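Common to both upcoming complexes is chain A, partnered first by chain B, then by chain C.
Coming up: the complex of A and B.
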């Protein structure tokens, strides 16, 4: 029976010229958004590659340079885009594109896209996610509402019941048929995206796309189910529609804004000045790599002299300056770790609180998994930053080791390493975060979406038992 | 029917509809919440600036005390000679601030995407890494803060929709429309009166909120024009939506049809059009990777140190013609080279300025493209107008960058000329550097 209802509902959707026209228009819009998203991603990728090659070429062109001079010369890392970013841009528009990698300091990303122009869109670019997160649910609300109100107003509902249809079959059949409509649109997005990037598909992208697909499907069922619930329970159809529209506004416009601001108030981050001052303070307790008269430097010098069993640094077979620089780096790294870890801790707590808010707003859970599965949330951004910092430490250590063991003596600041050495220093290679390493972070969001799924099933069961028509 | 009578009827209709009343109250509440977010940011930024200013003043007073005592060298850095101009500048902390406007209470705009204080040194640039914005959750930044501008731009049309959606449609569906058309002299006038009634109520609520906002921060004392502009733009924006909804209602015959069309227009203007424009701008003017600046910062700046003294001298003479007549210019080569080395920072500054020009040009082109979209993208237009009145528009931060650059230029000029003229920095000169 339920299958028959779904079939009838789809027959209606196809026969209705207005809905068919709107659907075709919507599919066209979705395809355009995917094409534009992909075009933008490819252009961005080309820019990224050009900038990366430019910086690397400059590095390779170093003829001769003191290794510590090279540590100050440093390099730059650009944030690459991912294939899935064209579905959901997430935080990429506000986090910056460039990070300077140099000695003595762990820099932050700067020059975000948002800071390079005036405000255009509060809800982001015309990416598939903009349509799938905001517009498709609204379309589903109208369709689901229409599916019930038409039956009620025309009296067909009574006839169906008199013919022996179970209320639960009618209710669930309608909810599923409209959900399937949403899933159809979702399928268009996923298939078009896959076809456009067929050569780059791998198991990781397929898994992420599948989870993206499942999460949206659950959300669409929740939206359709709730609309059917209101439309079937309430006699006043206008009130039913406006109630669901109010829920949509509350979930997508109000609550994300308010809750995100609130979690930031509940778990505040320090100001940049506080953060920098605290790091500077801690940093001042360690060795100053550029100051040989520093007391800690002198103690370290004694330690090394004993280790090499010599009396003066001039007798050392190595360059002590390089060792001191690396010791300075090692201490600095501990300081950065301590302070950046604190920041990450606060951000993780904020994220956890926000995830819990999914209990009252499944849209937030959807938002989290949508960004997460398309590698564009804060977690993936931090993983990128962590990779850059790991690279920075390796990069500086290679330079300091060259200064120390490359053949120069202490105090020979004019000693220069060869061009071959600089060419041998590896470039930064970003490894996209594996889903398996971060999946547990999204379990709560997925769990809450499933909770909403069951809650909707429960509401629909209740509605089918207490339909006012009876 | 007279306008007053229609207004009274509509008032009765309004007060008997709890849904509409709740919607108006909710907007007022959210509007106030939005302003409290603006106030909070205003207070945080002001407090942070005050804290840094106090620290800077303390540092400068400490430096001044060396000159008062006649001590030439710093205690912890005995090799530093404070009577030399370049050392006076290098050892004094100077900041350039972008002080928040009291009108931040209305629109947070792009305030959270940029830094609002910057330590300015001789080798600084307005595009330095420390120009980064305050630490914030990127996911929150991406969604944005719910400020009063958000309420006006996105929620006000929704409130109007809730208040107007059933006008005429309910009468048409109930079959009483013909009767009303007979009773009222003009159905157009009847519709205008009913729509105007709700527009008036919403306008009064908005005016009340704008006035309340002005009391939260010193808007009247420091940004009275922002208050008037806020009223003007809010009114104009409201009129824009009222007109659209009025036209929909006028031609529509059912509640659902009208509601769908109203929601459709709202989605079109708030989501689709800005989203399309944003995507279009990103494709035609992609984000700059700042390679010109990187090149200047590393390669070109480094090469300055390898330049021949004669080349450096020529460049410095072009930049500061006054140094050709300076005391050092007449002295032996060793002194001239030393002064040149100290003045390299000025040439590096010029390099950075030229390197940032193409970046600024790209940003300008990007913004012109957005400006071009305003005739069909009204929400972005009004958003940017509200940002301008609270000094949180892109251009305001561009001006802030220019202020930073001017301060750098001024400091460099003072340092270079005093270095070449062998000015011995004393208390008076130090005060001229930093206290004027």
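Coming up: the complex of A and C.
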């Protein structure tokens, strides 16, 4: 019976020239957004490859150079894009995509698109998720708010019930048919995206796309179900539309800002200045790699002299400057880890609190999983930064070790490592965050979406029991 | 076939139906006359199971409506004042859809024959209902009940707004259904149509059945006179 109701609703959607026209127009817009997203992603990928190759070539072109000089010269790491990024821009537009890797300091990422393109900073990029998250739910609300009341107002509801339809079949049938409309639009996006990137599809991308699809489908059911619930509850379609639009505005505009600000107030991060001065303070307690007269440097020198059983650093078979540089680096890394551990702790607490807010706002949960499954969230960004920092440490250690053990003596700052050595320094290779880790991180959001799904089913069941017929 | 015994129904303390006793037999057409608010629609809604009587019993084919609403609904074909079908479906598709909801699947020729039997001209079968007249929609409404093999037909102001020709066609159709042993209860304001179609007539006033008579007992003019007297007293 429910199948017949769904089939009939779809006949209405297909035969209504206004809805069909609007749907075709919207599908065209979705396809344009996917094409644009893919064009941007491919352009970004080409730029990434070109820049990466250029920087590596620069590095490979080093003929001879002092390793510590090379550590200061440094290199650049570029954040790679993923083809799923073209679905949801996430935080990528504001986080930047280039980071300089050098000795002594952990640089921040620069060159965000938002800082370079006014349109991005003001409106964000036209990505499919923008339409799927904001516009499709609005379409669903406009389709659903009248679906039940029109049956009552026209008097068809009585005939439907006399023909044996149950109120629950009518209510769930209507909610599902309109949800399927949203899922249809979602399918257009996922299929078009897959066809455009058919050669690059792998099991990871398919799994992520499937989770993206499921999350949006659940959210669309929640939107349709709540609209139908209000429509059957208020007995007034205008009131139902107003209620649902108010909820929509609350969910998408006010609550995210209010909740985010509250979470930041409850779990504050230190200001940039506070963070920098705390780091500087702690860093000053360590060794200065460039200052041989520093007290801690002197103590370290004694330690090494004892270890090698010599009296002066001139007698050392190695270059003590390299060791001192690495010891300075190791201390700096500890300071960095200590402060970043705190920062990460606060960020994790903030994230968890914001995730919990999904209990009052499923839109937040959808936003989290949408970014998470398309690799454009903070988790992937922080994971990238962590990988860059790991690489930086390895990169600097290789250079300091060459300074120390490569054949030079202490004080030989003009000693140069060969071109072959520089060619042998490994390049940065990004390993995307494993889906299992992403899934674990967003289990709460998925759980809350499922909670909203069941809550909506509960509300619809109640509405069907109390459905006003006369 | 339809039996109401001592039925009362009130809304916020006001009686809509009071101590109503009513019976309609198989093959009989009973017309309920009454002013607006007399209790005609309340009576129909209680038989349909959409309203529950405060007291008394409502039975259809000896089945208590309050206890077995779904069972009773299977027996009833309901034709409201305005049969608002799905305007984007054709007459055939509407009939097919409502039949399928009732668990009935008919072949195209069977659906056509139901519509034709209910007086809908053949060239209208495959036209969208959005372009139908009220009379044509009424015919599809009756075809839905007929295809459901309803034993009981409840019609709420069926002739209201119909042109004389369509109204006459409706009368003939109802008579044909009664000849096929259908039980028909019709609520109406149209004294002349009720006199012409129904075997028996009941006059409702403020929820009470104040008069019952056979249509053969009175002419249309006498019935009108009688009705006015009851309404004015």
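Note that the second predicted complex is superposed on the first by the 462 of 470 C-alpha atoms of A that agree within 3 Å, B and C clash if a C-alpha of one lies under 4 Å from a C-alpha of the other, contacts with A are read in each partner's own complex, and residues count from 1 in each chain.
As a working rule, a residue touches a chain if its C-beta (ideal position, glycine included) is under 8 Å from a C-beta of that chain, and two chains touch if they have at least 3 such contacts.
Keep in mind it's a predicted model, so treat the numbers as computed, not measured.
Look at A:437: by the touch rule set out above, it reaches neither chain B nor chain C.
Contacts of A:271 after superposition: chain B is touched, whereas chain C is not reached. Of the two partner chains, neither chain B nor chain C is touched by A:236. In the superposition on chain A, contact is made by A:162 with chain C only, not with chain B.
Once the two complexes are overlaid on the shared chain, A:258 sits against chain B while remaining clear of chain C. Here chain B and chain C are compared by how many residues of chain A each touches, and B touches more.
Look at A:126: by the touch rule set out above, it reaches chain B but stays clear of chain C.
In the superposition on chain A, contact of A:93 is made with chain B only, not with chain C. Comparing the two interfaces of chain A, the one with chain B and the one with chain C have no residue in common. Those residues of chain C lying in contact with chain A across their complex are 45, 48, 50-51, 70, 73-74, 76-78, 80-86, 88-89, 93, 97-103, 141, 144, 148. Interface residues of chain A, counted against chain C in their complex, comprise 1, 4-5, 8, 11-12, 15-16, 154-156, 158-165, 469-470.
Remark: chain B residues 19, 30, 33, 37, 44, 48, 51-52, 109-110, 113-115, 117, 127, 129, 131-146, 150, 153-155, 158, 162, 165-166, 255-256, 259-260, 263, 267, 270-272, 274-283, 286-291, 294-295, 298-299, 302, 362-363, 366-367, 370, 373, 377, 380, 383-384, 387, 393-395, 397 touch chain A in the complex.
Across the complex, chain B is touched by residues 33, 36-37, 39-40, 43-44, 47-48, 50-51, 54-55, 58, 73-74, 76, 78, 90-91, 93-98, 100, 107-127, 130, 134-135, 138, 142, 238-239, 241-242, 245, 249, 253-254, 256-258, 260-261, 263-264, 269-273, 275, 343, 347, 350-351, 354, 371, 377-378, 381 of chain A.
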